[in-house]
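Same chain, two partners: chain A is paired with chain B first, then with chain C.
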Partner chain A sequence: MIKASGYYIFLIFVLILMTLLLSVWSLAAGYVDLSPAELWNSLWTDTEDPTRLILLEVRLPRMLLGLLVGGALGLSGAALQGLLRNPLAEPGLIGVSASGSLGAVIAIYTGLSAQFPYALPLLALAFSFGAVFMLHLLAGRTKSILTLILAGVALSSLAGALTSLTLNLSPDPWAVLEIVFWLMGSLTDRSMTHVELAAPFIIAGYSLLLLSGRALDGLSLGEDVAHSLGINLNRTRLLITVGTAASVGAATAVAGAVGFVGLIVPHLLRPLVGGRPAKLLPASMLGGACFILLADIVVREVLPGKDLKLGVVTALVGVPFFLWLLMKSRRYGQ
Partner chain B sequence: MLKRGGIFLFLVMVLGGPQMLAALPGPERVVSMNLCTDQLLLMVADPNQILSLSYLAHRPSSAVLFEEARNFPKNHGLSEEIFNLNPDLVLAGVYSTRYTTSLLKRLGKRVEVFQPARTLDDIRKNVLQMGRLLMREKRAEKIIAEFDRNLKKLAAFTPAEANKQTLGLFGPNGRTTGAGTLADALVRAAGYKNLARRLDIRGSGHLPLEILIQEQPDILALYGIRGIPTRSREILSHPALTKSFSDTTKLSVESKYWICGAPFITETIVRLLDARRLDLLEASQ
Partner chain C sequence: MTLLGTENLSVSLGKQSVLKDVTFKADTPQLIGLLGPNGAGKTTLIRSLAGQQTILSGSAILGGQDLEKLTAKERAKSLAYLPQQRNVHWPLSVSEVVMLGRHPHRSGFAGPGAQDIEAVQKALVQMEVTGFADRPFKTLSGGEQARVLMARALAQDTPILLADEPMAGLDPAHQISLMQHFRLIVQAGQTVLLSIHEISLAARWCDRLLVLQDGVLKEDGLPEQVLSEETLSSVFQVGAYLASVANRPLIVPLEPPEEPRI
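And now, the complex of A and B:
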């Protein structure tokens, strides 16, 4: 036991180190070649210095949002998988992100967010909440992967279609071009304003989700055992539903719907934490942050100037992984 | 001017009867399905020749001549809709739905396609082409003469090569335009160097915010800033832009003044020149 927890502390330490390294790399990566020394020195120059502006107003918000969004997706993926006891529960696959996007699109294109900026994260949160709630109704009582995926496909398609419809109906010629952003996600050209809008909700979501760890541990032994351990299942459901809605909703409101993070990260880390949900949650949060930071570095370094969408990179890694999982779960039955 | 012409012709029609109308040379039922041919048509045609213009021509955000355009019914560039209008001439741009134009041709309609203007000379060519099609060459020549007079007046403000400032064009989604575009021709006609050219951007391209800040052009010209809030537009009010360009080095010229190559784009050049004068004023203080 002591050895296991020593190992766990080591794992968390490595993940934190990786997150820090990727954060620094994210600040150094960009369209303008700037050496670490130049970036460091710019911190002590006057406020109008271009290098300083690039670092603090363009790259820093991008890095912070990468951290926050990745953490939200990884953590909520791990929590949903624990709650629904279903390996394919992931905010992107089951329509939570797509619904958040729809909420954000409605907030922006009706002009609501121009009047009241927090309408953007709040509406995205409300729509994500609706999606998690619907999933409980449609697939909450069954462990069947098929039911969950079908319900998720239905929700994603509906939310995606309504997003496209909203943007198509907009009289603005630019709106239609944005469909791909809302469905694939991107951190390009975000500012500190977006960090300020999303961070409070994402962090609140983190705390709710992390609180559910012990209950998920109990739940992994079955509902009856969980009951006998004195775990309040309704409270756990509420924690995870609100936590996912808050973190994924706010993340989607500023970055669009990025898929597969919540699927890949918990699956990669689960063997390393001995399958314990309470341990998987913080590890997935850090792992998700690493994954998004890395994907966003790939976006900028591999095809600079093409403004590749984040969801393209995560899907290129995620789809083969998803298919492999599906094959494996079919082989072992459900 | 056009309006007055319209009223005059209306009186002639009423007083002179149908014989007068029939005496007009050239096509009499012209339908345009492209924003730029709409506006050229409005400038060159006799109002009685125009049957319908594209819906974009009615929008203040996309058409310079929207007020004049609103005197005519709009179409949405759909083949059925246009066929039913029974036009004797259909005007389209290269980017108009190819399917629609080829279908209309197969149905026996006369369709004339205009190339988008990429230089100031293209504008003259397009005005002349419009004049020929409508059999109003005189009117077209008059417009070109006035256009050239305006350009000549503006050319007086062009500084020597060594004193030319750099201007960065920046629009929604971080778009910019470089060599081979009308916007580039206008920037250079106003006596600036286009930042996009220095960055080897041809046609329309993506200009990352970082590079724009690093390059620090003397003047930043934003387009597409007006309109409903969208994600694409958010970048135009990005804090990094507000901090690196003061109000005197930043100007906004609405998109509609960049899109269509028509003689009214001398207005765009005037606006770009204005920015420099403001800048010079500040430098002399």
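And now, the complex of A and C:
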């Protein structure tokens, strides 16, 4: 009667396998053609070997960031959809990504990032946390989820407007170009320092978000029933907003604003896990990592000379796929 | 010991006083019907008993204790709550919905234990929904959904069940079947408080009726005592045909008696 979870374990296993394969492919993809065997062998050669340098200094950080960023976007999207019980929810909705972007844009605009390279990610991260703090000031006292969504939308629009204002006021066309490119999101030319900077926040965010699974399950019966089941709604809300700020804030800080992943990945996987939010969280985390790794491979393989931006590809690949999914589910009348 | 009750309970929503000095006590398992016109405060009373409403003064009592002194987990183990809306987000299966009732009995990341599976199974059997345990909840009819959500509340395994208008939107067969299930639950030792608009159903099936009017508890007692022609006319503004069938009161609400013209 109670469905065996064997199918779910199989799904998770397949997702892990896909993540591993895409990670290896990501290491092999790029300007210089390197086979997995060459990469493997280079690990055991001397430190001056160029292949080894490409692998450890260029491709490894890029692959690790793809994993971390994708996981953050997929996981927080699934958690927010569960919390807000709204399939349209995504990390952008509560203003975290837009505020993070604003922080980064200010770092570029003021020239801070040119003097001190890590000013950009640090400021982006600070602004993301600031957004969640503001969100709780605005919506913390009420119990209404709707207030939380509306406050998030307002913060998001405010951050967007301030970003536009910065572009508007910028006297230097090169800075504008840099900002616009940055806003498109990319994993190009990131170093191990970026990984070291983002990883602690992203992993802390993962743990907070993954803790909320059972509460999200209860919330699928509505807030009143969740409360009557002994679920602490304020704690759940705090776990998810702070978890999103940490993971997506850090992701935005190192990769820019990569849209759509947090929306599409939970949608894609929900039918496969039977809809339960607690099961969707880990699946969505792995799915997000796969999606970003794949998009970042497309960036490098399809138009290698053009420095295609990651955010452009996620939207270009994601939107048609998403629409197809939408049409398909409409046909079945869900 | 008072299993369920209130003591001089007053509740305000904004500036409006919604419950005024309501006191009732249930010392033995029984099926209590909560009657009253729209806006009388039925939902607010149920929400106050479920700990979802800020209380202005007085207290709600649960298992002999002041509700506000219980932890969330203690409360969840002693009281289950069925709101009026039969909402389930996401495409969950029937057995998954019922399993959610086990939340207060489970902890950490572990899957459901043998006890949880047994409780869910028992609740599914009790509410006669085993036949569609694997179906998505959303594909069921309103009557089936009502039974599944009640199974969810039973799986919570609490001495008290609060239900807000569980009969709303159901056909007569489902209404009567649900009432029979409530009776069985009470026989098994649970105390049930349900708000209800169907006076005739309440009169036939409940052990005791509470009548609210404008936030004041007007009547409290056996159905045949409470549902007099005077009460029906003053509280509900209806006339009534009163009879007795199979030793239970039969009440049919009718058009109000003509006001004498002056």
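Heads up, the rule we're going with is that the second predicted complex is superposed on the first by the 245 of 334 C-alpha atoms of A that agree within 3 Å, B and C clash if a C-alpha of one lies under 4 Å from a C-alpha of the other, contacts with A are read in each partner's own complex, and residues count from 1 in each chain.
As a working rule, contacts are C-beta pairs under 8 Å (C-beta built on N, C-alpha and C of every residue); 3 or more make two chains touch, one makes a residue touch a chain.
Since this is a predicted model, take the numbers as computed values, not measurements.
S.K.: Determine, under the contact definition given at the top, whether A:Met192 touches first (chain B), second (chain C), both, or neither.
M.R.: After superposition on chain A, A:Met192 lies in contact with chain B alone.
S.K.: Which partner chains sit in contact with A:Lys328 here, chain B, chain C, both or neither? Use first/second/both/neither.
M.R.: neither
S.K.: A:Gly275 contacts which: chain B (first), chain C (second), both, neither?
M.R.: The second partner, chain C, only.
S.K.: Identify the partner contact of A:Leu177: answer first if only chain B is touched, second if only chain C is, both if each is, neither if none is.
M.R.: first
S.K.: Between chain B (first) and chain C (second), which does A:Tyr31 come into contact with in this model arrangement: first, second, both, or neither?
M.R.: Touch status of A:Tyr31: first partner only.
S.K.: Spot which of chain B and chain C makes contact with more residues of chain A, would you?
M.R.: B
S.K.: Where on chain A does chain C make contact in their complex?
M.R.: 1-3, 5, 85, 213-214, 217-222, 224-225, 227-232, 270-271, 274-277, 334
S.K.: For chain A, which residues are in contact with chain B within the complex?
M.R.: Result: residues 30-32, 47-48, 50-51, 53-54, 57-59, 108-109, 111, 113-114, 170-175, 177-178, 181-182, 188-189, 191-193, 304-307 of chain A touch chain B.
S.K.: Touching chain A in the complex: which residues of chain B?
M.R.: Interface residues on the chain B side: 59, 62, 172-174, 205-206, 208-211, 213-214, 216, 224, 227-235, 238-240, 243-244.
S.K.: Under the definition above, what is the set of chain C residues touching chain A in their complex?
M.R.: For this pair, the touching residues of chain C are 47, 50-52, 72-73, 75-77, 79-83, 85, 87-93, 95-97, 99-101, 103-104, 106, 109, 111-112, 117, 120-121, 124, 130, 133-134, 152, 156.
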